[in-house]
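These notes open a run of structures that come right after.
Two complexes, one shared chain (chain A), two partners (chain B, chain C).
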Partner chain A sequence: MKTKKIIALLGASLAWTTAGYAQETVKIGVILPYSGPFADAANQLQAGIDLYIAKHGDTVAGKKIELIKKDTGGPAADVAQRMAQELVVRDGADIIAGFALTPEALGAAPVAEEAQKLMVVMNAATSMVTEQSEYIVRTSVTIPQVNYALGKWAFEDGGVTQAYTLVSDYGPGHDAEKSFSAGFTEAGGKILGSDRTPVANPDFSAFVQRVKDANPEAVYIFVPGGAQPAAIGKALVDRGLAPPATKILAQGELTHPEALASMGETARGIITTFHYTLERDDPLNKEYVEGYTAANNGREPDLFSIGGYDGMHLIYEALKKTNGDTSGDALIAAAKGMSWQSPRGPMSIDPETRDVVQTVYIREVQEVDGKLQNVIIHEIPDVKDPLH
Partner chain B sequence: MNQAMSANANVDTARQWLKRQSRWSPFEIVFWLALLLPFFLFPTYLPLASQIAIAALFALSVDLILGYAGIITLGHAMFFGLGAYAAALLAKAGWSEPLTGLLFAGVFAGLIGFITSFMIVRVQHLALLMITLGLGVLTLELANAMSWLTGGTDGLRVPRTWPIFNYFRFDLWGYTSYGYTLAVLFICFLLSRLLVNSSFGLALRGIRENVKRMPAIGSDHHRHLQKIYTISAAMAGLAGALLAQTTSTVALDVLSFTRSADVIVMLVLGGTGRLYGAIVGAIIFLVARDQLAGINPQYWYFWIGLLLMVVVLFMPKGILGFLSRLAGRRDND
Partner chain C sequence: MSSIVIVLFDGFAFGMLLFVLSVGLSVTLGLMNFINLAHGAFGMLGGYAAVTAMRLLGFPFLLALPTAFLAAALLSIVLERTLFRRLYGAPELNQVLLTIGMVFVAAAIATYLFGTVQQVIILPSWLRGSVEIAGMRFGVYRIFLIGIALIVTALLVFGLERTRLGAQIRAAVDNQRVAKGLGLDVEKIFGITFALGSGLAGLGGALAVEIVGLDPSFGFHFLVYVLIVVSVGGLGSITGSFVGAALLGIFDVAGKYFWPEIGSFLIYLLLVAILFVRPLGLFGKR
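What follows is the complex of A and B.
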């Protein structure tokens, strides 16, 4: 009887001490494709996270922030789910974050739901991601958000009445095509034709010829980054499809700084839509870019970096609001409706959908100081994802 | 008279040999009991353990055709993926009962396996490699193109699988998942064991050793190969379905070339042509991956490559082949 009591006491004190210890740290599990074809995106996102921690310290509401990194190796839903499970049951993570790719987020969502943990999606850009669990919040962008806005703008302010769409034949390409077309036709524009190019190693010349035959005022394109922006830029110019005669519309990755360098002159005049513009003239952005390049051997931040940076901001602010309470319910309540000034501009979290609401920028590639760069020509404030 | 007697004697020894092969050794019993240890010793590693069991089942299916029948394949993820999508789509249609879902996926993958087997048995060596690779890539592209059905690059969220026997709920810790996957692995292993230690299994080995000779002794090698290919495809489909059911998600990566290649790596590590080689290979590959990726999430594949080179150079018959040589035991085949 006595021994039983002692054991119970020991157990209780042990439980108490571990609870006491847990109060000292907040463990954030970061699930990203650190290896494989998307490793570069993961590294940029991680650099955004690291920069935020370096700037704001690793203690929030009296608790120390501890990161646990897990590699998925690519768009593997099953691996992401196992990582999330292990983070929760083995490592005792309080928050799960990261997710460069949609399948990763879909894989981890059931774990966040069951374990009732805050899940911060820092990139994955398909609309439906935040609908998978009440505990998911997103700090990046959605493809419909920027492309629907671009379609609407093209008809209302861009002076385009009919257009042709040319997208890569995979999920994000399909989403982009659908949302641009929706924004454009709902405003009153007409889509002359839609084509889809293979995802891997496409030869654009035949597709571009078809676009030329349709003789549109503008062509909307969506291709994955890497070698394709330069290839499609060249194919368009070769067929004489170039601004100002034919407007070229696209999502921001097409003309991000590294792509611009490889596209050269062919990029001039391309109009893109995005939530983050490296060159945006703003003190907060300047400070962010300077800090980032200094910490990363001169590498400039991109869309992944800003998603990670703002994701950490959300986690920090939510922890401050809850006074260090890490329960999923408290954190998600704190995150709903939160709004702040980010290097990308003003942004907030929709209290209903837990998705990001932000300014969408329409940019045109122009020459500034002898160098081609994205210049903001229009701003659309407080854009929500149109699909929720 | 004399000849007939010696022929009879030959049949007897073959039978005895098969009988000897199918006897359970104490090693095997210990091995299977050891697979229960994660429940008690490493309960926080159960999600990994169930993925290992799934990978082992997939590797087992490839071992049946590669190790026993000599069909080299670089596209077996095709059947794994078909099984995963079959189970997932059935669940999406409103039927999430695990066992019938599993059966449905196995039958579906087996059916596709049977259809493609007509093509497979006509070619050998490099051509076989190219055909299996091509079929795998085609299936992947087809799934990508049919994104309205498969979810495309984004993947598919599947409704949660119903409890097994309406009792064992799929829990966060993975107790049910591991129990379920291990049970299916064990049953498939028993079937494979019966298969390879039967006269059919012997015929397959004959085909592996010399394709031209088998017809000469009156063995219909096309029919044999078709049979084992169909069985193997169905088994790979079961593995895929297990993955879809235990993780409630499917993405295009179930069909990827990497999955087809990884399973070959597992087999080479463990040792081809041995049923246990598939299981040991899957354990080594995934545990090494988990540990190495934990140490360095960026460059873990380097160490896998190194391990693979060491094994291929110094243990050409895989880790199991090496161990059995160390133990001085005769090779199983």
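What follows is the complex of A and C.
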């Protein structure tokens, strides 16, 4: 009898403490490919999240922020779905976030929908991601957003009338090819030819030779980050397909800092489109880059970092607006239409599509103070995803 | 016409890179019957050694290449003494499990030491860009690759056919018991052969950084190519590896050039076709 009482008492006190605990914290489940071929993207994104928390404290609206990390190991929709389920059911997560890769976001979306949890997509850049649930909001970029703008710009301001496209043969590559071609041909340009390279392609020489045979004014490229940007950049220039004779157009990954270092002089004149530019002269950006490099052994932030950083900003601001209410409906209502100044520039969340609206920067690789970097040559404000 | 020449040249250069990476495996697999799937990991080690030597110690590129060779060779001696030697007579499955496990370990160590970021090699300016010959542009680095591969082939063929060590290696492989009976230190000879093969993989890894980049998954990425070269060429044959690698490189590049939609599958078709006709590879002996 006595022991029963004690057990009951223990149970009651335990229940009380966990209830008290739950009131005091907001649990954010972060789903990312921390290991495997995309581990670098996950690390950079996580560093962006960590920097935001370090800067703004880990308490919002009287509640403590707690991160629970889950590793998908790569583009696996089923793994991401299982992890989202575990986060919501077992760990009691209030918000799910992360998603470097589109399959991860697609896998987790049904869970967010069913559990009515806010889902913050911090990278996955395929257009359709935000259409999967009313609770999804994106703080990164979409591929059509930046590439449609580039296609349009290339004809209207870039003086290019015909071009060849060369993209990686997978979802994002197809999106990029389609949106660049659409922007370019709608403006009046002509696509001479289109090739797709295998996703894991060690040597680009054959494809580059095909481009050379077509002799275009410009070649448009989309390859995943990592080793390929430098490899394809060098393959192009080795064959004399180089600016100013042939313009090279691409999404920003092609000239990220490591690729620039590897390409050296050959990168000069490459034109890229992106939402984040490391060297952009802006006090907010300067502070962000300094804080980031100091916290990461001198490694510079990239597109993944800024997606994570702004994703945390959105979560913090939404929690402030709802006064700590973590229900999915309250948070998504708070997120809709939110606008702020990010290190990348002005950005906002479209109240209709819950997708990111931001400035698209057209940059050219130029020498500044003896160092090659991406110099902004044109800005297109308030760009929405053209496919929604 | 000129595009075909360029495509052949590019394919041959890529094949030569594969040759340097894989010839060591062909030798150890063919001569010692040891299935070393960790061969690509030694290539990765060479890549990281070259990058580190250039970045931290300020070595020029040409000095970083032998450094990569030595680093991979030395580590392979340690591993051969402690791990591989135990499995020389063991069933294939044990060898495969141990060595593929080592690739995972190597990837984890590389991630721990160097992070997941892509490593960069900055070539001296004389190796960059291209030269124009008869109206065609050839990449300087690819010419350099072909040169290195030809030197390596010459040294290997000469070493195996004409030197005392080469004779000992051939003797040890042909009949271990007789070689031992004649007073040859077979264990030592195998140790040296193994180190040589791993060192060549290290050299190949260092050469590959410029073309394909370097990150902790390098050991897995190249395993497939290396195994194709070895099985097409035939075990234990240097000529076989050379021809196999050249065929693979040329077919890969030419296939992608003429039929971009299916180009990346052509090498596998080639592999199947060759193994159908010659199950032991083009130059396989046993």
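Everything that follows uses one rule, which is that the second predicted complex is superposed on the first by the 366 of 388 C-alpha atoms of A that agree within 3 Å, B and C clash if a C-alpha of one lies under 4 Å from a C-alpha of the other, contacts with A are read in each partner's own complex, and residues count from 1 in each chain.
Assume contacts are C-beta pairs under 8 Å (C-beta built on N, C-alpha and C of every residue); 3 or more make two chains touch, one makes a residue touch a chain.
Keep in mind that this is a model prediction, so the values were computed, not measured.
Novice: Give one word, clash or fit, describing how chain B and chain C relate on chain A after superposing.
Specialist: Because the two structures are overlaid on the shared chain, the partners are seen to fit without clashing.
Novice: Rounded to a multiple of 10, tell me what angle the C-alpha centres of chain B and chain C make at the one for chain A, in degrees.
Specialist: Value: 60 degrees, nearest 10.
Novice: So in the superposed three-chain picture, is A:Asp282 touching just chain B, just chain C, both, or none of them (first/second/both/neither)?
Specialist: A:Asp282 contacts neither chain B nor chain C.
Novice: Scan A:Glu317 for contacts with chain B and chain C and give back first, second, both or neither.
Specialist: neither
Novice: A:Pro172 contacts which: chain B (first), chain C (second), both, neither?
Specialist: Only chain B is touched by A:Pro172; chain C is not.
Novice: Touch test for A:Glu134: chain B only (first), chain C only (second), both, or neither?
Specialist: A:Glu134 contacts neither chain B nor chain C.
Novice: Going by the contact rule set out at the top, does A:Thr126 touch chain B (first), chain C (second), both, or neither?
Specialist: first
Novice: Looking at A:Asp203, would you say it contacts chain B, chain C, both, or neither? Reply first, second, both or neither.
Specialist: In the superposition, A:Asp203 contacts chain C only.
Novice: After superposition on the shared chain, which partner residues are touched by A:Ala39: those of chain B (first), chain C (second), both, or neither?
Specialist: It touches chain B and chain C both.
Novice: I want to verify one number: the closest Cα approach of chain B to chain C after the superposition, in Å.
Specialist: Scanning every C-alpha pair, the shortest chain B to chain C distance is 6 Å.
Novice: Considering only the contact definition stated at the top, list the common interface residues of chain A for chain B and chain C.
Specialist: 39, 43
Novice: Within their complex, state which residues of chain C touch chain A.
Specialist: Listed in rising order, the residues of chain C that touch chain A are 3, 6-7, 10-11, 14, 111, 115-118, 120-123, 128-130, 137, 139, 141-142, 210-217, 221, 225, 252-257, 260-261, 263-264.
Novice: So in the complex, the part of chain A that touches chain B is made up of which residues?
Specialist: Residues 32, 34-35, 39, 43, 69-71, 73-78, 81-82, 85-86, 88-90, 102-103, 106-107, 109-111, 114-115, 126, 128, 132, 169-172, 174, 199 of chain A touch chain B in their complex.
Novice: Once bound in the complex, which stretches of chain B touch chain A?
Specialist: 44-45, 47-48, 51, 144-145, 147, 151-157, 160, 172-174, 243, 247-254, 258, 293, 297-301
Novice: Along chain A, where are the residues that touch chain C in the complex?
Specialist: My answer: residues 36-37, 39-40, 43, 195-198, 200-203, 205-207, 209-210, 212-213, 226-228, 230-231, 234, 237-240, 258-259, 261-262, 264-266, 299.
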